[in-house]
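Letters A, B and C name the chains as they come in the text, with residue numbers starting at 1 for each one.
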Amino acid sequence: MSLRHLALAAVCAVAFSAAAFADTTVTMLHVSEDKNAQALWDQIAKDYEAAHPGVKVEVKYLENEAFKAKLPTMLQADESRPSLFYSWGGGVMEAQAKAGFLKDVSADVAGVEANMAPTAVDAIKVDGKAVGVPFDQGVVSFFYNKKLFEKAGVKAAEIKSWDDLLAAVKKLKAAGITPISVGAGEKWPMHFYYSYLVMRIGGEHALADAKAGKDAGFKSATFVEAGKRLRELAALEPFQAGYLTTKHAESTGIFGDGKAAMELMGEWFIGMQAPSSASGKGQPEEDIGIFSFPIVQGGKGKATDTLGGVNGFLVTKTAPKEAVDFLNFFSQEKYAKEAAEKGAYIPAYKGSDAWVKDPLVKQVAAELAATTYHQNFFDQDLGPSVGRVINDVSVAVAAGQTTPEAAAAAIQDAWDQQ
Amino acid sequence: MAVDRVALASAPAGERVDASLETAFANAPAVYVATRRRMSMNGWATLLVFLPPALLLFTIFVALPMVEAGWYSFFNWNGFGRPEKFIGLKNYVWVSTNPAFTRALINNGLIIVASLLVQLPLALGVALLIAGRMTGAVWFRMIFFLPYILADVAAGLIWRFMLDGKIGLPAIVTSLLGLQPFYLLGSTDWAFTAVLIVILWKYFGFHMMLYIAGLQGIEREMLEAAEMDGAKPFQRFWHITLPLLGPMIRLSIFFSVVGALQLFDIIVPLTGGGPFDTTHTMVSFLYYFGITRMRVGFGSAVGVVLFVICVTFAFGYRRLFMRDD
Amino acid sequence: MTDVVHDHRPSGRRMRGLAAIAAFAALLVLAVAVLLPIGLTALNGFKALGELQTHPFTLPRVWIWNNYWDILTSLRYWQVLGNSLLIAALTVFLTLAVSSMAAFTFAHLRFFGDRFLLSYMMLGLLFPVATAILPLFIKIRDLGLLDSYWGIVLPQVAFSLAMSILLLRVAFKQLPTELLDAAMMDGCGYFRYFFFITLPLSGPVLSTVAIISFVGSWNGYLLPLVVLNSESRYPWTLGLMAYQGQYTTSWQLVLAFITLTILPAILIFLLAQRYIVAGLTAGAVKA
């Protein structure tokens, strides 16, 4: 062979051998987050690639609504299906599992999960099988402005029962302070009230029983009573003016500007109230306190039952085995610690509240760590269709547009139509 | 070819082509000309080259998906995997018994009425003013067309701020009158009126452009001749301009109604269908109650209902008003 | 040819005196009302988020030039703009080509099923795109067009065919028949007639179809979202997502970004402006 042929053969040989050691690509789809968080994850991806040559890790981000809109189509096509994707658990995750898109990774992730909070681990299981790994947990609590409370003569430590809360609201109103800010324009902030009331009145089995159809399902006394209590609160007119059109971010900004005394919100509230405020500065953290959602006298729920998100990453059925490997790598304690120190979220690890540096987040994490029962957001747990109905009726009941009975019936109808 | 050019120039524009036909026919019957002729070899060759691309693209990307989407309407399906739960006409029952859908239907009707009574006359009025040679006419045309170009996400956002009860226009009005702030977009009685105003703002420029085109097609000589004959401006408008604009107005109404029925993009960022489902259109209802709730079959059922309404309108309208098109 | 082709010069005499001033004033008021939201979009791009949410009508207390400057100097802005432009240009070109050919056949040729086929294509106007997105996605995937520009361009062209053919067909029909007859008698076939007579004389209406098609493609969001996976191919509507976090959105950056993306659309509009108005003339008057 001539020199030219040799050279060509050499090039081909190299090319083909490179193909033989072809990179496996692990794609991870995530919801857009703030720059710091994204930078951390990109770093983790790089670390993994360095430790495992021949594997490429691509982390992609999509905005919330875009993520939800695109995921069904992405899962349909092999070439676009990510190996791992972010999930809020609940009904959507179950639907994805039922359609056969998820992989049972119970054996593979057992090691990592041994150190994670059991409530979190259970949330990322379908039919008892792990389909991914939990990432973080959250809690919805009442955040309050200490100075405004003082001004009205309200003591947060004394708000133990629902009636105490109503009394506090009245005192705040008498002092000319808007008691509560809520972003009812987006509906889901209001459903936190309804959800907690159901939990406090019906106890930890309330939702599961309703789903199973026990005792009239969602039309049970628990749900109707919850609606009545919500209406009771709303009738006192505790919310900011125009609350029906206020968006979530605006609402946190209202609190941040010191124009409202309380907001019932998840832990991400802490990072939001400052940038969303008109002044840009928000309330200083030492002026913000938290207290758990009060119990309802005569109800079965405990004050230590918590409502909050459990988020994780799920593994798709066609993911390469490197994907699960990466997932375990990603979930290492050291990264979770780093993220906890930097960000305003609580990793799913046992004792993670100790890692959290931010004092306010720490308080929230401690609340979570002491939980007796942790419930995922109702609108996640019940799936997208029933979830939206719960959001809708929460606002409708609060605004007096519908009766608690009709609201409960609407939820039941949506559940039946699934 | 002996064609009477004088007759051409002075005949009303709408019938010009026919006039030439008749004249040509009268003068030279052996040279009867038809706009569409019997097919020659050349004709067939043209047909087989020119038509297939359009037909192919349309069938693959529009017709087939449409039919499949219609097929989904008989299933209870969340969009994952393949549709499995066949439920016959249940989706249609659920659609028709959903009060939000009935409201959406009424809303669509109101949009059509508002378009016909307010938007189109406004567009026509403005077009009359700036079709001519007034100062800055070109700039005005661009300004009025601009809302159509602006993406809905921005338009919805800005209008949400503008209509806000605390910091928007209603706030300015209420503070001037010394009243309590009024939350326009949160009011079940008035939110939809606000939505209508935004729709008006967004689309009247498009129709204005159609009318300007129509107006500019009217022969100057005709209007000048009429003026010289002593016709007043209103008479000129009523007897010459308006009839000549007829075809353009009919087309504009057609686009307007069909567009109104398909309206969706502006509702999402503006009100999201709220408050309490009073500002939905049929397509926004489809989006919120079908797609985002992962009830694909339900959404398809709404789509099919909408399609049937549109088709009924389209064919009825063409038969009644656009027979020569 | 001049007395056969329409006189496109604006008709109507210059209004005189008081009427003219009153008309101008009315138009000015209307123009301000129409421009206000758009001006606010641009203006609010200079504010901080908090100020935007509480004082959207006032001039910025602090003019944050960086909002705009950071976007203009970012690679991503030009990348998404380029993608949008490429997709829109392909869409426009293909739409014009395919629909003008089809419109020509519907305008001049009479054959079995022509009315039926025309009605068939009109149906495209009557079905909401949002419903058909799943089956459409599957088609695109089966054709191997996922994550490609063509996966967006081809469906966009298909969906705009109905309106384009409607407008163009009417335009072609109203070109004087003497031209066609003369051409036929001279031995010119349909092909040559199409390329050398119909198209050149229809510049205006073709531009109209072009601008409508362009704006539709430029603002397209749902189709690119489900078709594209590579961020490097994102049009500006998807590029917007970078400003939206899980719980908050930097609305001031969104507005600044949108202001900067509307400029190219305005430019195209002004370019086509010469033909647009006159274009719709030829298109629809002689219905």
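We adopt the following convention: a contact is a pair of C-beta atoms (placed from the backbone, for glycine too) under 8 Å apart; a residue touches a chain by one contact, two chains touch by 3 or more.
Predicted model only: the values in this text are computed from it and were never measured.
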Chain-chain pair with the highest tally of contacting C-beta pairs: B-C
Of all other chains, the one whose Cα centre sits farthest from chain B: A
Separation of chain A from chain C, taking each centre as the mean of its C-alpha atoms, in whole Å: 40
Mean-CA-position distance for chain C and chain B (Å): 15
Contacts with 2+ other chains: residues of chain B: 79, 164, 291
Residues of chain C whose C-beta touches two or more other chains: 54-55, 134, 240
For chain A, residues that touch 2 or more chains besides their own: 69, 72
Residue numbers on chain C that touch chain B, as the complex places them: 3-4, 6-15, 20, 23-24, 26-27, 30-31, 33-38, 40-41, 44, 52, 54-57, 97-99, 101-102, 104-105, 107-111, 117, 119-128, 130-132, 134-136, 139, 143, 154-155, 157-159, 161-163, 165, 170, 173-174, 176-178, 180-182, 189-191, 194, 208, 215, 219, 221, 237, 240, 251, 254-255, 258, 261-262, 265-266, 269-270, 273, 276-287
Chain C - residues contacting chain A, complex: 48-51, 53-55, 133-134, 137-138, 141, 146-147, 222, 225-226, 229, 231, 238, 240-242, 244-249
Chain C contact footprint on chain A (complex, rising order): 31-34, 60-64, 66, 69-70, 72-74, 76-77, 79-80, 248-250, 253, 256-257, 268, 272, 275-280
Of all residues in chain B, those that touch chain A in their complex: 76, 78-81, 94, 164-166, 181, 183, 185-186, 188, 274-277, 288, 291-295
Chain B contact footprint on chain A (complex, rising order): 68-69, 72, 75, 92, 95-96, 98-101, 185, 241-242, 244-245, 383-385, 388, 392, 395-396, 399, 401, 417-418
